[in-house]
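In what comes next, chain A is part of two complexes: it sits with chain B in the first one and with chain C in the second one.
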Partner chain A sequence: MSKQPLKIMLIDDENIVGKRLKPALEKTGDIVETFEEGEKALARFDETPFDIVVTDIRMENIDGIEILEQVLAKSGRTKVIIITGYATVEIAREALSKGAFDFIAKPFKPADLRGIIERASKELRSGFLHTT
Partner chain B sequence: MDMHITDIKNPEINHENDPENMSLHERPSISIRAKVAISFSLFFILSFTVTGWSYWILTKLETKIDFLEIADNYMAEIQQARRFEKNYLLYSTDLEEALEHLKTADAILKQKNEQIEKILEKEHFKTMVTYMSKYHNQLVLLRSAKNDKEKELIVPMLRQFGSQMVSFAGEFVEKEQISAKRMFLLAKRVPLYFMSVLFVLMSFVLMFLARQLLLTLNRFMEYTKRIGEGDFSPILPARKYKDEFTKLAEAFNHMIKELDHKHNVLLESHKLRAIGTLVAGVAHELNNPLNNTLLTASMLTEDFHTLSEEEKMEMVNDVINETERAQRVVKNLLDFAREGETAIAPLEIGKIVEDSTRLVVNQVKFAKVNLELNCETNLPRIHGDEQKLKQVFVNLILNAVDVLTPGGQIRIHVQKDQTPGYVLVTVKDNGPGIPEHIQGRIFDPFFTTKAQSKGTGLGLSVSQGIIKKLGGYIHLTSNPDKGTIFTVSLPTTESASEIMSK
Partner chain C sequence: MNILKKLKQIRHKEPGIREFCIQTIRFKKFLENARALLDLFEDGREKALGEYIFDRHYVVTLIDSVIERLGMMVYDGCVLVPESGEKLYTTYDTHKRTARNLIDFSGIVKKAVSPGDVTPETSKTVDQEYQLLSEALQWFNGKDAPLDSTVMAFMKQIFLKVIQGHGSSEVIKNRSLFENSCGKIPDMGIYLIDLWKDQLALPEGNSSINDFNSIPLNHLLMDAGGKDLKAHPNPDWIAAVGEYQLSLNSLRADFQFHLVTLATGDADADFIFIFADDAAILDTLLPPGFHTENTGYGQFAWNLGISEKTIEDSLMIIGRNLFN
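What follows is the complex of A and B.
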């Protein structure tokens, strides 16, 4: 496959989430970086933009909605996927209205997230085609 | 009054046989009614005696005055008789007039003999009559005397009897006058004595009854205050006997029992609400270990054949740990939610507070506030009911969380109280504080400043009830700039554990 690998950023303060999802998402040949703190993730984003950001919504200092806003402010084409602790319509609506690509509720299987990322990457690639 | 008493005796509201009233009932009975009746009878007897006595003395005085009047007339007659006797002897005037006066005097004695006898008594009356008749005889003799010589023989006897007659009567009159005067004086003074005795008696009765009534009323006022503050222990006897107030105390005890029951119902329902609040947080808290387990187990099946033994082992361990984590979360909530029978046991206060903070950890996290727990080590144990104490601390922390904006601080300190035998838990926030004008009301049931769906206003009232029941207190220090501090003080089981360790 000559597909260019996507750069994926994963933020969750639960250490196991990153530990398990990194190999799961890398299977498609993409590059995955994991973070447990929102600040560090945003700092890294400043160094190099990512195509896809997957973030937990509830975290100690900076929460998922804030990350969504800052990431979109930095890079409009990045797809942001929100992980919610428990599915509530309001949170989902808020995330979507603020420009999130989609959301996924805990607990989920790696395959579920992979499905969403696949859709996101398709959109990104079709976007590439249009722009180039 | 009567209506009221029959009301109290109504068997439908008779609480004599309630177990909490046993001690009240096991006393001799001296009713207020009896006390009032005794005082009134005393008054009546006293007034009756004094009135009767006054009547008697006035009647006596009346006879005395009558007598004095008669005696006066009598005296005048016999003195007149003697004057005529003298005139006869000196100027040989007519003796008939002397006899005439003596006759009148005799008539007076005969006519009023009853009245006179009453005062003079028979003997003296007889002497009086004798003296007079002797004098009369001498006068008659004198009248019939033919010459001076005969006259001279009679005169000394006549004079002797005459003066005896007058002085005897005079002495009596004088004596009676003195006695009448004395009686007057007494009659004048007795009302004054009566007044003073009445005054003393009245003051005594007033003081006695009023003091008793007021003291008892004050006692009952204290009971209502105590009950209002959530102390639902029954009233115990304060006096050695029972009266109408005992019925009131019995009714009070019945009311206290009912209130206690209602309070427990409120407590349960408020706990259910707290559980509702906590469950939202727990759902989130539970989803994390569940998610970790699901992710790990999924990857384990997916990559089962490519993973190294070591990696597999690590993943299986993660699954075990995360499942245990989920179990802890659920257990903590279940401990709190368990249908609670009050179980008083010696408890580590530090652990209770820590468990409480763990219960609310998600609410704290969602509100983005910081919670800091500072616990002195080696604190004495306290007596209490684990669940209910957790309910108190959960309420206090949730109240603080509710008023804090993101970044706010909650500091909890567990330490020894300055008063020996007590431990202190302070829950301090740096929120907006509580305005002074509502500080007095926040412990009232149903007082809330929150929207209807957010607060019932039962949290603090229920908490205060729980703490009071354990012999502790809960109070608040609030300052608009510095936030709010709730202080809970609880008695320790110190003495018991000290003896055990020796």
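What follows is the complex of A and C.
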């Protein structure tokens, strides 16, 4: 039985992150949508839920922590992965305490993020099996 | 513990010996800052290969870190060779301006993109972040950068000034200072100074090398006399030691040799650095694995990020070649 593709939302106000990550994550057949603004990402989430949200922690207007809180309030099953920059590990720990699945520090290799997404995917599938 | 707190711990009362210890500790700090700069260059080069996801913030932080470390190296250089201070700081200011221009204008004032800069996925131009990193790497240590305009070229300039100042330092070559402090006939012809004069401190009049609990010193002499150390009537060396640190200097007026090593067992921190004004000496002295750099004044050699075993083996070989 083939796995269902994951729906992944990627939010980072630095254009290059989405531009480089999207093709790398899509290689495994998952569906990836990228956003540079938190507001637009949350509006899109209202239209259709995502399995996994990968969000930068430091952004203008809405930061990663707020994205995390709002996403989890909308969909408790969604796994939120936080991208941190240099010297923001403390904030990443705060994100974990608020329910983030994991965090990854920039710069990173797409394969490292893929590893976290695979773990999140396993939890999602096991959660699905438990609830059905 | 920062260096100022450490310096306060030096318990030597004799001003000359105290000055010697301060210079030794400062020189080690100078080497650590140079090493940190090389690590930053390497980090940037690794990220530029294209496997990593990074943003502009990473590149700006990298450039800022290089400027900060370079400033620390310049400061160390000025402490070691005060007469070079004005010239070093003038050049440093130029590099600070270069860094600021890179951050402020890269990607805004676009350069003509050479064919080599075009990547398949973007087909037209490189991303601004990659462009900025590429320009930063050119400034760090680029082969195509104008002569003497790179950070690496400036680092070499500082190194030369420090080494030349070190060679002519009255404290380093002051035999009578060490004779009075260490005794007239030391083992192996090496005067020994306990850098901190604390847990390694010896009873008055006792200066046997075997009594010093210094890991790198023990490695250096392991195959060069071992337990059968003999007193040497014509001392040619002065060594400042700590438990994990060794700084070995030639006392001869016609031969400048300087070895600094840290052997803590942490490969990320440990290193061996050597300077000799006679390049031929290093050719016969060094085990494989050293990076060497020739200058008109002499030869530098260093090995960074080395395992406990490698540092032990390397020091043993160097000691054997140096003293046998």
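Here, the second predicted complex is superposed on the first by the 128 of 132 C-alpha atoms of A that agree within 3 Å, B and C clash if a C-alpha of one lies under 4 Å from a C-alpha of the other, contacts with A are read in each partner's own complex, and residues count from 1 in each chain.
Just so we're on the same page, a contact is a pair of C-beta atoms (placed from the backbone, for glycine too) under 8 Å apart; a residue touches a chain by one contact, two chains touch by 3 or more.
Computed from a predicted structure; not experimentally measured.
Colleague: Fit or clash for chain B plus chain C once both are placed on chain A?
Modeller: Aligned through their shared chain, the two binders clash on chain A.
Colleague: Answer with first, second, both or neither: which of chain B and chain C does A:L21 touch in the superposed model?
Modeller: Touch partners of A:L21: chain B and chain C.
Colleague: Which of the two partners, first being chain B and second being chain C, lies in contact with A:G29: first, second, both, or neither?
Modeller: Neither: A:G29 stays clear of chain B and chain C.
Colleague: After lining up the shared chain so the two structures overlap, which partner does A:P107 touch, if you call chain B first and chain C second: first, second, both or neither?
Modeller: A:P107 contacts both chain B and chain C.
Colleague: Considering only the stretches 75-83, 129-137 or 219-227 of chain C, report the one that runs into chain B.
Modeller: 129-137
Colleague: Both chain B and chain C contact which residues of chain A?
Modeller: The overlap between the chain B and chain C interfaces on chain A comprises residues 14, 16-17, 20-21, 23, 85-86, 106-110.
Colleague: Name, in rising order, each residue of chain C that touches chain A in their complex.
Modeller: So the residues of chain C in touch with chain A come to 47, 51-58, 61, 121, 127-129.
Colleague: How about chain B: which of its residues touch chain A in the complex?
Modeller: Going by the criterion above, the answer is residues 283-284, 287-288, 290-296, 298-299, 302-303, 318, 322, 365-366.
Colleague: Taking the complex as given, what residues does chain A use to touch chain B?
Modeller: 14, 16-17, 20-21, 23-24, 58, 60, 85-86, 105-111
Colleague: Applying the document's contact rule, which stretches of chain A touch chain C when the two form their complex?
Modeller: Where chain A meets chain C, its residues are 12, 14, 16-17, 19-21, 23, 85-86, 106-110, 113.
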